[in-house]
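Next, two complexes with chain A in common: one pairs it with chain B, the other with chain C.
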Partner chain A sequence: MNKQKIRFLIVEDDEMIRLIHKDFLKDLYPESEIIEAENGAQGICHYFESHPNIILLDMMMPIMGGEAFLDILEEGHNSNILKDKPKIIVVTAIKDVKELMSIGKRFAVEAVISKPLVQNQLKSLLEDWIS
Partner chain B sequence: MKNVLIVEDEAITRLMYKGFVQKIIPQYRIYEAKNVLEGICLFFDKHPQLIILDIIMPGYSGKLILDILEEGIKHKIISYRPKIIVISAIDTVEELTALTNKFVVSSVMPKPLPFDTLAEILKLHLKI
Partner chain C sequence: MNTTLPQKDDFWSVPVFDSERALSRVHQKQELLKRVIDIFIKSLSERIDIIENEICNENWDKLETMAHSIKGSSWTIGAQQLGDIAYAMEKAASNEDMTLLVHLFQIFKEASKRFIEYEKEMRF
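What follows is the complex of A and B.
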């Protein structure tokens, strides 16, 4: 992935956390484009309209949660409507190990990180993908 | 190219709608989705002018696509508004009213569908 062309999508209902994610990404990759969504429904619209490369996804949100977001992508991929595969990092407060494991196995989910976000974890993940 | 999207879980009903749509608006290309998740992907991929949407389906309800479109249009992420005709066997007044109040919904039709009425509605919405 090329640093200049990276497009991030942050799907998170908490405005404060969105801001923290955004500042963090902007510091690491000042030339990237960062798109924000307050819930899964807005997130899915941005996903299809802007084709982000990397998505930070919260699971528990009003209107539409992260689960439905992943279900839509999975169905689109299975029925060959979706051509690209983004990299999804799930950032969640979920503590149940079984639930975390099942999220980790979902289509396009590259990592599951616990909330509050450990920024070093995210940083090392991104550094693996972005040159 | 003008497109129509049919979102309906029953193959036989889908086929029926398809035949009907073909007859009224033969110039439209028809896309079919067997569930709402596929419908959402096809909506963004094909940008249909018209969506014929079932509400009660296994898994996610047809309401999910309405929620997504409302959010997308309200926040100007989606730049156009398709006509949506909801076809539903829902018979409680509360649920019907809730559906009709969604601003993206153009019409709500009962199921089984009175085809003559649908023909009129299609002509009205698509101005044909």
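What follows is the complex of A and C.
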């Protein structure tokens, strides 16, 4: 992945956490494009419009949560509507280990990071993918 | 359902606000932290109103989601006390324990005032 063309999608209902994610990503990749969504439904719309390479996804959100967001992406991919497979990093405050493990096995989920987000974890993941 | 309700002191021993942790979350950017805390405080009063309504409606899913969301944002900005109470509220909502949830919500409202007052005094 080329850092000059990288496109991030942040799907997170909390404005404050979106702002922190966005600031962090802009510092790391100033030329990247960052798209924000307040819930899974908005996230799906932005996904179809913008085809982001990397998605930071919260799980528990009003209107549409992360589970439904992943269901739709998986369905789209399985039915060949979606060609590209994004890399999804789930950032969640869920503490239940079984639940976290099952999220980790979902379609396109590359990593599950606990809130509060330790940004070095995110940074090292991104550095593995982006040149 | 629960027999012993938690007391304020169970939460009061945790710091109201851990500024070092908060600053580390925003890479030591004080201006960003101010913006983040402003958003957090604004959202607190909105969320309190929502929880009050949803308690009346016994909307457990919404109550759990709301408490979960408050927990995440509180811990993110170092509002440890509020995060811990919200976590307890999330579990109470998940167990559909109204007595405990209402009790914790009263503590949460008081802790919110404490946080806002503390933050005003500490405005950096």
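FYI, the second predicted complex is superposed on the first by the 131 of 131 C-alpha atoms of A that agree within 3 Å, B and C clash if a C-alpha of one lies under 4 Å from a C-alpha of the other, contacts with A are read in each partner's own complex, and residues count from 1 in each chain.
By definition in this document, a residue touches a chain if its C-beta (ideal position, glycine included) is under 8 Å from a C-beta of that chain, and two chains touch if they have at least 3 such contacts.
None of these values were measured; they are calculated from a predicted model.
In the superposed model, A:Met16 makes contact with chain C only, not with chain B.
In the superposition on chain A, A:Ala93 contacts chain C only, with no contact to chain B. By the touch criterion stated above, A:Pro116 is placed in contact with chain C alone, chain B being left untouched.
When both complexes are overlaid on chain A, the residue A:Phe24 reaches chain C alone and has no touch with chain B.
Judged by the touch definition given at the top, the superposed model places A:Met61 against chain C, while chain B stays out of reach. Look at A:Leu70: by the touch rule set out above, it reaches neither chain B nor chain C.
Contacts of A:Cys45 after superposition on the shared chain: chain B is touched, whereas chain C is not. Taken together, the chain A residues at the contact with chain C in this complex read 13-17, 19-20, 23-24, 27, 58, 60-62, 65, 92-94, 115-117, 119. Taken together, the chain C residues at the contact with chain A in this complex read 25-27, 29, 32, 35-36, 39-40, 43, 62, 64-65, 68-69, 71-73, 75-77. Chain B meets chain A in the complex at residues 35, 37-38, 40-42, 44-45, 60, 64, 67-68, 70-72, 75, 77-78. Within the complex formed with chain B, the residues of chain A that make contact are 39, 41-42, 44-46, 48-49, 63-64, 68, 71-72, 74-76, 79, 81-82.
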